[in-house]
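The first chain written gets the first letter, and so on, giving A, B, C, D and E; residue counts start at 1 in each chain.
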Amino acid sequence: MTQRHFPGSKLATRSNDDDDDEDLFEYFYDEPGSLPGTLSIDEDACPSFIVLIDYNESHANRVTNLTADACTPYLTSDSVSWLDIQGLGSEDILLGLGRIVGLHPLLLEDVVNVPQRPKVEDYSDQLLIIAQMVMPKPTEDGFWIEQVSFVLGKSYLLTFQEEPERDCFEPVRARIRGHKGKIRQAGADYLAYTLLDAIIDGFFPVLEDYGERIEALEDEVILNPNHQTLEKIYQVRRELLALRRSIWPQRSAINALIRDGSNLISSDVRIYLRDCYDHTIQVLDMVETYRELASGLMDVYLSSVSNKMNEVMKVLTIMSTVFIPITFIAGVYGMNFQYMPELTWRWGYFVCWGVMIAIAASLCFFFWRRGWFEDSRFAKHD
Amino acid sequence: MTQRHFPGSKLATRSNDDDDDEDLFEYFYDEPGSLPGTLSIDEDACPSFIVLIDYNESHANRVTNLTADACTPYLTSDSVSWLDIQGLGSEDILLGLGRIVGLHPLLLEDVVNVPQRPKVEDYSDQLLIIAQMVMPKPTEDGFWIEQVSFVLGKSYLLTFQEEPERDCFEPVRARIRGHKGKIRQAGADYLAYTLLDAIIDGFFPVLEDYGERIEALEDEVILNPNHQTLEKIYQVRRELLALRRSIWPQRSAINALIRDGSNLISSDVRIYLRDCYDHTIQVLDMVETYRELASGLMDVYLSSVSNKMNEVMKVLTIMSTVFIPITFIAGVYGMNFQYMPELTWRWGYFVCWGVMIAIAASLCFFFWRRGWFEDSRFAKHD
Amino acid sequence: MTQRHFPGSKLATRSNDDDDDEDLFEYFYDEPGSLPGTLSIDEDACPSFIVLIDYNESHANRVTNLTADACTPYLTSDSVSWLDIQGLGSEDILLGLGRIVGLHPLLLEDVVNVPQRPKVEDYSDQLLIIAQMVMPKPTEDGFWIEQVSFVLGKSYLLTFQEEPERDCFEPVRARIRGHKGKIRQAGADYLAYTLLDAIIDGFFPVLEDYGERIEALEDEVILNPNHQTLEKIYQVRRELLALRRSIWPQRSAINALIRDGSNLISSDVRIYLRDCYDHTIQVLDMVETYRELASGLMDVYLSSVSNKMNEVMKVLTIMSTVFIPITFIAGVYGMNFQYMPELTWRWGYFVCWGVMIAIAASLCFFFWRRGWFEDSRFAKHD
Amino acid sequence: MTQRHFPGSKLATRSNDDDDDEDLFEYFYDEPGSLPGTLSIDEDACPSFIVLIDYNESHANRVTNLTADACTPYLTSDSVSWLDIQGLGSEDILLGLGRIVGLHPLLLEDVVNVPQRPKVEDYSDQLLIIAQMVMPKPTEDGFWIEQVSFVLGKSYLLTFQEEPERDCFEPVRARIRGHKGKIRQAGADYLAYTLLDAIIDGFFPVLEDYGERIEALEDEVILNPNHQTLEKIYQVRRELLALRRSIWPQRSAINALIRDGSNLISSDVRIYLRDCYDHTIQVLDMVETYRELASGLMDVYLSSVSNKMNEVMKVLTIMSTVFIPITFIAGVYGMNFQYMPELTWRWGYFVCWGVMIAIAASLCFFFWRRGWFEDSRFAKHD
Amino acid sequence: MTQRHFPGSKLATRSNDDDDDEDLFEYFYDEPGSLPGTLSIDEDACPSFIVLIDYNESHANRVTNLTADACTPYLTSDSVSWLDIQGLGSEDILLGLGRIVGLHPLLLEDVVNVPQRPKVEDYSDQLLIIAQMVMPKPTEDGFWIEQVSFVLGKSYLLTFQEEPERDCFEPVRARIRGHKGKIRQAGADYLAYTLLDAIIDGFFPVLEDYGERIEALEDEVILNPNHQTLEKIYQVRRELLALRRSIWPQRSAINALIRDGSNLISSDVRIYLRDCYDHTIQVLDMVETYRELASGLMDVYLSSVSNKMNEVMKVLTIMSTVFIPITFIAGVYGMNFQYMPELTWRWGYFVCWGVMIAIAASLCFFFWRRGWFEDSRFAKHD
């Protein structure tokens, strides 16, 4: 199971690799009627790789490439053990861990069968937290989205990531290594809070990018609305919808942690979670604001297109209306009647020109009075 | 009473068989003022056919083609009895079962007079669960929708389906036969959960189909918006509305089962139902997301049509505006005045061509400056 | 006070009799500052006419044309007395009943001063239920709407209808006469439920009619959208708004009856009311669904009109663009310059035709490449 | 402070006196940072004028032109004293009353600094009720809106109106004078209810006017949509928004009175307030219904304009398309090539006419087949 | 960190200094994974400057330019100490204050890392109130927005402002100096209320400005809708969205203060806060009303543009349709057929004119009958 990424719509990319797009807005689902608790290992999923960080105030060890069974001593020790499982492709490791840590089959199913909706579930001696992590793409617009599952026990924390090596937890690892802040004194619940907070704070840079894209679109929609503008607005709305869909349930989940979280979370950490909850609200608030702006832009776009068509119509109407009557006059004197007195007049031709110029001028004056000329200031933008 | 199926709107199908469409968005209703508890057997309804599966840990028997009375010994035994009534056309069988199992007249009415709104009702020693099952059509877009009613007793489960042979319960039957999972050890409540879960999971393949249709429409609406696109978007919105209308009350029903379900449901099964509830939320979430996407597509479609008209107008305006003045000039020198000095000039004709070309070129330059030519990149798609 | 009826908007009918339309969406109101409890007898109201049905398990009598005072013995007897007051025009009868039954002045005001918003009010020994009954019009689209007020006492039920002889209670009367079901054994509360249920079930045939009208409009809006389509959509939306406005407060009222109804309603009847509440939810659900469909139709209509204009524009543009350049060429060779070499060429005329045909053909090819011809498939519908 | 009145928007009136419009949708606000409890006497405010009506079952006196101090004996007596303060322009009278009656500075501020949002505030021995009274304008569309503040004490009621002589309380005064109903037996709380009820009932005639205006607009929007229609719809929406803004908080206020009103309101009056609350709900319901109708009209208007443009385009396209090819043919035979065989044919001219008529006829037939002629039935309305 | 200001969108200003715009709709966020409680001093932030006002009933001292440590004696004294920290640029002063007053690291983070969402947080012996202050720009449309944080202790109040010298607290300072009102008798909670009230009242002048801008736009949208109107409406909607986003959480915050505020707030001040809450509701109410008006204006604008295009189309259609047939006739008699009988008629030329005039007149009559001339009254506005 590879990470989902945005933009995934073919609208913007028009690429051929729509493999990743399949699960843009979808959730994992079991084959209807299948056994509850079945693990569905995606064949594209990265092989699982366990990174263990065991620490307390006096030490901090990092062990990688462990088997499931080798984790047992760490899990039972008093020091905090963070088992970071990167990749969900190895059924034996996942089942092994499930057996050792004593994970409920439904819990393991939620962890492995990604993506799930963010939520918190209390299995009395363990707390399952499903979260979604977003990361801006380095080279283009859009973002990756990836499920991170937390299993919080008394002195251990298991995190399950879909992809190895790409996460926003590096600063936390550095803090553990460098003994910065109170993280080494605190328990596994504080570690879970720190990682959750890093995930939520990871939404801000992504959102900042949307703020800039919307500002660029505001210019474009007024100065030079074209068909690509429409695609871009739709794309922004689509991706904000995906972000909202991701952050909305996390808000409820964190609120549930604060309000009725199990005794695995100390009251001290609950204060910190309140801060994390505030940030979630802020993310949600920004997403909603951007959504409203993007939807307002759609209105402006429609009006801009109407305005532009108005301009085109005016040019056509002015040109046609000015020339139609005088072309008619030219046609009249092109007739071949034998008796047409004007044709023989000495100044007939010049009088005819005079009349035509007078008609054209008065029509122009009429349009100028209606403000059809000045109003075209819009065209100056182009 | 035959299954309702989508698309049922004539918009998409334009077929003549609108018999099935009649009850697209409707509910069954009694003749106003009729006796409560009246069974209305639809004359098109399939005859009822009872399939009994009786099992416990040691045995699992399947008996078909039973009469109502022949069910009595199974219902009173300790083993779990699943009476699957397929087809609602035989009043005698339905009333017979009602008498034997002791069903409240209102309960039987809800079961037979389909479709009803999904709900849960507690008749102290029986629990009525009305659900709606959807199945994707094999050969075309759209889905069938069919009411499944559960009557859960202490050691028995009655399920009433509208149509025989077409359901999503086959894997469950296989698990009972094959003694897979814990289903043979568990009670009738676990069986009810398993079937409900199969119904909810059955929404996902249907929704996946809509995800693909929306992605196809996203391409079409940008690259080649035509009138059929509009019909398709409307059709998708209409069918998603029907899905939402079906899943929304199921969410409340399952929530009610978890929260204040009777003592017929063990606390163990309640944990599994929580998982089923999560899936319902996910279905609802996907339906809402697709609805938002489809409604955004409508906006994009409208803008695309406006853009296309803009292009058409531009072609007309450029052609007209460039030729109208020079056609006028040609008309002038087609006049038959006796005294028109230019006509006698040696180079008059060529000067005239020069002037006409100059006018046309400067008008083209004017439109090029306004960006009317480059902007037509949209047309390249066609 | 005559029954309100739909369509009442002049949009659809364009009739001159807008007398009835006046109170389409309005409520009765007192002259500001008037005495509370004032009865406002509408001068158009039908004279009141009392139909009494007195029954218990052993007998069922029907007495008509009673005076108010003649009702007293029936009201005090143990048997259930149903006083059906048809027409609200006779102040003496209404006040007489008020005095005999002991109705609060505010209660009587709500009953007489129609229309009121549906509601339930508990006057300790009496329960006031205000409901609204709808009936499809037999000969045209639309429906009548009429207030029915229930006053439920210990052994009597008073119902007040605006119009005599037109109601949906006939099947109930037949059941009392024919001793069908349990109605003769049950009390006045069961009678009230039965009548309420008949009223709610009466919404379904009206709604079915809207389902059909919306399906017809779906065809029309795609195949042949014209200005009348717009009127019809607006009309359907308007009437659904009126239906929603009528059913919405009835939902709350019936819910209040179930939840905190007085001791005048037995727990047995409360179970039946739950069924009635389900039907109300179903009605509301259908109304909302139809409203969404109708509002989606409006979007489709707008797009259809845009599409149609697009077609018209294309025809104009193709015709103009193809002929404008070649008409110009014809104009050029109509000029009267003395020295125009082409005019004297032997094959000049035929070369000229060749050039004109070549220009026209290449323009047609250009439009064909842009798909302007194929796209007109929409026009085939007309 | 003069009364606010609608329509206040310049859209409809285009008058120059926008002095009154300033506070259309605004609330009074203190200079930021000013002392709480500061009275801001508007210099345009009418001078205050006290009308006292003192009554019990045996007497009813009316005293006008009192000073604040002269009120003291009435306030302390057992009989009900209604002090109606008309005009908020005399600071000395207002402060004097505040001192005598013992009004909290914040209370007095809310009363004087109009307009405030309707609300109820409980100052233990006094109840402040802020309401808004509307009155239809006698000569034109629109209404006046004016704040009325009630201060309810044990045996007295103070009412503060912005303007003298224009209120809807006259019938109440008549009832006190004429000893009609139970008002003379009841206390100050009943008086407060009666006045509140008169205010709420005063919304109905205003709303009835909007019902009629919307019906007129329904006709206009279909039969003859022009630019003024748009202004009128906008104006109706704007004024309904103001009405909703006024009635919405009154609903909450009256609900608060019923639910947690202080002991200054007897349980008897609470029953009457329930009736008043019903009327408020009805007003709100009508406002919302009219708002939905007005917003639906906007859609119909837009479609009507589109339809009309469609008609205009069709006329242009038919005329252009029919004449463009035949004008081209006329142009061809106007060319001056020396060798044009057709020109010398005997029947060339008549054959040419025949060809032109055939082309024009077949184009007309083509348009007739597309239904472009019949569809113009809309134009017949004009 | 400099103050955010509106309009910040480039739509309206088109200036190059988009430095300030960056944080229009954004919140401050930590580098993902950073230490909780980190202060992020913006390098553009003004240096912090402490203004202390210490007062009780008998004295009121103002001390400026204090160091953090010099504040200690004031904080511990019984008199009320208001420490107004202006500018958030000096980390040492902020940390020093944090140490002396005993501020939680998360509290200090919220104060310094601006902007945060308005909220109230209870740190048992301190109350953190985050508010946002708006100020109208003196020379142009739009407003500044700035975070003000309150830390309320037993006898002290700390306020943190982003910018020195620009606030709306001057009248409060004057009241302390001048011993006006009860402020000198009251405690720090009353001071906090007074300042909060000043902030809320500061929204009204800003909103009044929007009321005027909307009224001006109402005129413009009807009389002379051009492309700038669209930009202005979008701009107003955008800024109102920002105002709503600022006032909405303040409403919840003040409500929380009243309902479950700590014991740092006396019940007396709670009554005043209720008044402040009312004002917040009024602000919110006005913002919502203006938003509805602005969004209605968008509809009117779209219709106006459609109407205008309709007018343009009519002019084109009338001109084209009147001249096309008669130009055709002129063309016919310009043909050079040898045998064209009409050409030789004596009155041929004049009959031809007569026919052309008759055709043109009857077409004009046709358009006049359709009302195409009268309907152009809209054009008179221009």
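The rule is simple: a residue touches a chain if its C-beta (ideal position, glycine included) is under 8 Å from a C-beta of that chain, and two chains touch if they have at least 3 such contacts.
To keep track of the chains, here are their UniProt names: A, B, C, D, E = Magnesium transport protein CorA.
Everything quoted here is computed from the prediction, not taken from an experiment.
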item: For subunit C paired with subunit E, centre-to-centre distance based on mean C-alpha positions, whole Å; value: 42
item: Rounded Å distance between subunit B and subunit C, as computed from the means of their C-alpha atoms; value: 26
item: Contacts with two or more other chains, residues of subunit D listed in rising order; value: 302, 306, 309, 313, 316, 320, 324, 327, 331, 334-336, 340
item: Graph class of chain-chain contacts, one of line, ring, star, complete, other; value: ring
item: Starting from subunit D, with subunit E taken as the next chain, the full ring order; value: D, E, A, B, C
item: Residues of subunit B touching subunit A in the complex; value: 168-172, 175, 180-181, 194, 197-199, 201-202, 204-205, 207-208, 211, 215, 218-219, 222, 271-272, 274-275, 278-279, 281-282, 285-286, 289-290, 292-293, 296, 299-300, 302-304, 306-307, 309-310, 313-314, 316-317, 320-321, 324-325, 327-328, 331-332, 334-340, 369-372, 375, 377-378
item: Subunit A-touching residues of subunit E, taken from the complex the two chains share; value: 9-11, 18, 21-22, 24-27, 29-37, 106, 109, 116-117, 119, 121, 224, 226-227, 230-231, 234, 237-238, 241, 245, 298, 301-302, 305-306, 308-309, 312-313, 315-316, 319-320, 323-324, 326-327, 330-331, 333-336, 340, 342-349, 352-353, 379, 382
